[in-house]
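Alright, structures below, take your time with them.
Each of the next two complexes has chain A plus one more chain, namely chain B in the first and chain C in the second.
After this line comes the complex of A and B, so read on.
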């Protein structure tokens, strides 16, 4: 190998010793990263990726130790290096960015000053002013708008995507030769994650830095890495390039990994068409909800957050409607309104034609048996101090009077239906997997045989295998019982698989509501296109990121600009977009879109 | 509403299978040697405190003027007075045990009341929030700003202290802390997803508080209350010591210590033995409390 190898890993082994016993965590890992190369490491959670990242910089947890092999960084042996040698390398020549950027910064010091201080700690010869200028320059490189202004702000003013950019600057400030990026896109929304990926592509080309990009998702690594290794249970199972791995995975593990990556643009996916004469189960008409929060700048004043700004849609019996959108788009508030935990300020929600707002308390109570909710968090959404049977029987206790023995039969029947072992009936949820917990959640919702099921990111905490199983279960329940689903999700691939119609929400409004086929093959709204371009898939997306991905982040719901709320990020915004709220166009193919660019002046 | 409430009471009489969470914690607790030792000590002392005065026939009030300040049996005294006598020739063992019995009963009553009042107010305040919460918490602040000893002097100094008044003082001094801790925990629990799930199902506030929030919030606090029993026994002894508690001739740990302090140089046992009893009881209570809490954490998977 030529001498321009920056990082060499040779037969590295790491073991954990817990209570006298030791367990191999990493075994026989070898790879080399050249200068200016971007090298990918992929593997599922628990495959040893993060341990590897930390082993490389001599930062292992005390319970872990290197059992063999060598790591050399530019000729320095990182395993045998003493603290002083490591200090000379870490932060100066190697930078590290992790998955949780919020903990990188001190919340009480302006970000720019923190990073400048770090630079001065590494290179004391740099002056204060000079250091800050360097930070601002790098902020511009990572596309933080108003760099000089932002550098003076506290970390709490930064959104998730922005703070991740600042964390990247923080890692690179010392003029690093190697940047280790460990799962950096994990906590971010899809469009923001796609922006960060694009940022890494740019850094690769423009900055003189080698990047070690660690991720659990091949689509994330695909556009960045020159070469990659696949990690499984602490071993390298495959070495490849992203293209070769995507096209011809050689090992069974890689094949499984690739098979699980969702596909969006294959046409053959069939969605049971909804009967045209199906009754409307749930109808939402121009629903609005504002929240008042205290204005910190005045004694008694308050400011209004417009969480939901006029949402209308109908859900027909037996259909699956998807609502997609990123964090802060009003999905959660909408869900609170639909489940009547909170009341709309304006508009009406009706169930089976009856306005919820005009129902008596008692009627609404009985209605709850027909409309059930399955929440996202498999851990938080079931009480830890109740047995599984008790949890699932709770709806029956509330809504049906029956003998304890009857109830038990119903509960165990439902458990079997959702794929839970009835033997779990008297067990506590402790130790159950996320998938089993989500089944408990689902069983609790199904035990009353509801007409409509609201699923709030129900699958997002599960791995692909579990997701696939639960989706199959949803489909089976729909054909057997005719249940109507409302999926609320940020996961486009999931929505593509299960929904017949999809609504896209942005900043409290529905910007597009069309059939599944239309949404993915003929999207109208620029935001929909941006979402589609950002979806992490291996397929060739018809919506190239360079053309459709938007910059920036949604405006704050406190200060919604006049006109179209998407105008400030929209690549095609016209002057009219900044002045007038776009009207809702009814598309000839069915569905609606709220955009000045769609509708009459478009050729359809 | 009536429908829900009827069902609520039905759910409280849950069938046997589902009560087993508490049972599992109990079974787990009993495995702990700490619990066994603590329980053993506790039972011996409490039984002793209640039974010894009855069985031995030694009257804590009877004075034997010729047998003043006799040392305990282990320090050269006779077995007629196993722990010696005080300055009036009264039997120290029976006096200490009766004192312990009084301190224990008063502290127990105070702990139960403190816990009940504090937890009820805290749960209500934290769960409801809003103006009620604000008002209740200001009351808590006011109460907390009054030092317990001043409270005791104000109430007990101007009246003739009765057991009920002593318990009242102990409760007044203790409830705000419980209210605050419970409120904070209830506030956090209220926002949890499983509470939302229960609301969507149509569970009433009372049901959510009683069946979901209280069983999560209260056990750790109840364990803290067990440990607090010890603290309140000390506080009660302090009141007695200062002459604010139950008055002589009733033997209490505090008055025995207060009286014995004058004879510390030549009869150390009078002032120190009640203290030793107190320490042993506290140790026993702590051991049980800790074992119980650890068992709960193991069963529910917290630790």
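After this line comes the complex of A and C, so read on.
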């Protein structure tokens, strides 16, 4: 049915001109999207998928240009279209949603007004009030709570998930025929991303819009696309359907892509059990931290943000403990407390049995060598104008007095240990890959021979292959040196692979802390189940989204409701949950969970 | 509106403190600095006793804080800023020196009258300068900002650099020579009617124009590269909506802040320019008062200017907060 084709892309080529030379970005791309179809494009970052999205709507950067081929939208040639033709299509017939919804709206104007302004720009016949009502109506459709109220708020008051919903409303409100969604779930937390996917499923079924869903993650596309293409280095390498691609990837590239997708349940994972008699190296007891911020609504008042609300756990020597949670759960604050960049308001943190709060500055300085932090960002954390050797030896200069030759040997030994070429010693870190940079970071922490390594999202910037290598390295280091790891992450699959025990944080508290096997196969807390149901994998999750995924977002840490802080989203909330803070239950199998349902024989 | 009221209350309270502090500092500096007003009034020939007697009468011998509180009490309770040390009621400046038989204080000019006499002229000058500056720099700045990185931007930068490197006294000289003396278009010195304000206003405006042009060009240029502006067309907005409703709105806050700073700087610039053009405004009055050690007059002018600064700042922040509601009040 050729008449049914809405968007046709035919042999499209795009090139970048950098300093007079031209580089191919997209080559020979062809595909067609029918009306009301959901079409997926998968490719990792750098594959050219975002350029493709922009080429379709004539929004290429000045440095990029179309070198050949055609894009036709309902018979209109989008490549040769002039400004007036484009204006008749963009925003009216084609809506576009990008990966960064926070920058879509003018920060100084309430969101509802901006979307109404857009509606009136594309449909001048709509009246002012009518436009606003329509916005509120659509806000309700995409499940933005308190739609009318939220429409009057500034973009800065919206969370990432909510503003993404608003951006989707904005892209669709003119009655668009094609919605281009470019990596829309990428910046979001897993449960929120899963909610957005669910929203797209609903749109697909209920609205007469074709959707072009572009993503780097097959698990995301799998749940919505009818057909898809795989993009690699600007070329289409495979055409398939999500099911066929997941089960029988044909090209080597797709096979590698599938292999990269983390598994949580289907792979055996052995975690060396921690010796029962291992000493406790780090002990956190009922630690709390509040921050005060000025209250805009009153003359002199201030309100307090409860970032960490009573967290306790022990870390045994030689174990790997994971702390997982979504943005705002307090894990970053906890990290600041553990590295004593910040002091708790209450509770104590002790290291090797010594209370940090009672230590002298000098002692703490020495302790710092024993507890090292490896940060998330492999680019920002490495000084660009220092040689690799200097970067790695800097902590030694600070903490140890030794001969220059000794220091050099120690540094090159460590470099070999983490898999860096010692030849890099006198080179600058320019041009090194993320994985190599992360190894430099690791070596810098390891030269001091720490007892504990704190790893803050250390692996999240790396691809799966590189992650696998680093995880193997962590294991080797652990058995060779007996290092204790504390992984702080939002990535369940990574935690599944490396941690012996996992703590789940929600709104400043640990809601569940159990062994790896328990967490993934017999989770107790409803929030843990929601996290598991949202995890982006290709496997059949034992926790189906329809049953376990929660709606909404955590309450603001400014106004934490009485009772269980998860009660407003919890599918199993009991009346008691809204009045009483759930006590901490010690599970018979070991571990703790903070939920009214646990402890009793109410198996869920 | 709780937010705005609370903001105004808080800022007004702060400004009272600021004005009081500023006036206290000026008060103390005046009385510890060189120059004895009693001697100036008594004249070079008067005896030490006469000078001392006058000084005591004028209250110059009590402890400084006591003097300050007496002064403040009059100002606050009666709006009485005192009388000039040297100026008789007629308004003309009493030439220092001369009579040891001191005219009674009541015959001397009230400070408030002196100021109210001159203030309108200076305000007129400042407003005119601002109007000229804005009407020149807004079109140029917008044009440059909308074409950031291209020739209009470069041309505006060049124009600004040329203007910025012209000293005001030199510029004033050239303007007087060309416009008044050769072309006879505008009067140059003194004051008789509004036309006398034009030349000094131009000189003042030319000092501000480069700053405003740069500020507007930069902030608008930055706005144009913001994603929410670039994506406006993709969302389906009309180009003029994008530019007028979003880009210019965002650029107006930095411009407004810059205007506040420049308006305050203008009050300083007035000092020099009024002197050059012999323009009988507040600036000229200030210079005369300083030369004559006319403490009450200097004191009142200082208080007035600090109050003007503070009010300008409050207004700027209030307007900025209305344009961009994210700003912390």
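In this section, the second predicted complex is superposed on the first by the 594 of 604 C-alpha atoms of A that agree within 3 Å, B and C clash if a C-alpha of one lies under 4 Å from a C-alpha of the other, contacts with A are read in each partner's own complex, and residues count from 1 in each chain.
Operating definition for what follows: a contact is a pair of C-beta atoms (placed from the backbone, for glycine too) under 8 Å apart; a residue touches a chain by one contact, two chains touch by 3 or more.
Only a predicted model underlies this, so the values are computations on that prediction, with no experimental measurement involved.
*Asks:* Considering only touches as defined above, state whether A:118 meets chain B (first), chain C (second), both or neither.
*Replies:* Touch partner of A:118: chain C, not chain B.
*Asks:* Contacts for A:108 in the overlay, against chain B (first) and chain C (second): which applies, first, second, both or neither?
*Replies:* second
*Asks:* Could you tell me if A:535 is touching chain B, chain C, both of them or neither one (first, second, both, neither)?
*Replies:* Neither partner.
*Asks:* Which partner does A:384 reach: the first (chain B), the second (chain C), both, or neither?
*Replies:* First partner only.
*Asks:* Pick one for A:194: touches chain B only (first), chain C only (second), both, or neither.
*Replies:* After superposing on A, A:194 lies clear of both chain B and chain C.
*Asks:* Common interface residues of chain A with chain B and chain C?
*Replies:* After superposing on chain A, no chain A residue contacts both chain B and chain C.
*Asks:* Which of the residues in chain B come into contact with chain A in the complex?
*Replies:* That would be residues 1, 3-4, 7, 10-11, 14-15, 17-18, 20-21, 24, 192-194, 196-203, 207, 212, 215-216, 299-301 of chain B.
*Asks:* Looking at the complex, which residues from chain C come into contact with chain A?
*Replies:* 2-3, 6, 9-10, 226-228, 231, 233-238, 241, 245-246, 249-250, 323-326, 328-329
*Asks:* Mind pulling up the chain A residues that touch chain C in the complex?
*Replies:* Chain A reaches chain C through residues 57, 59, 86-87, 90-92, 96, 98, 100, 103-109, 117-118, 121-122, 154, 156, 170-171, 174, 294, 296-299.
*Asks:* Report the residues of chain A in contact with chain B in the complex, numbered from low to high.
*Replies:* Against chain B, the touching part of chain A is residues 339, 341, 361-362, 364-365, 368-369, 372-373, 375-377, 380-387, 389-390, 394-395, 397-399, 401, 404, 426, 428, 430-431, 441, 444.
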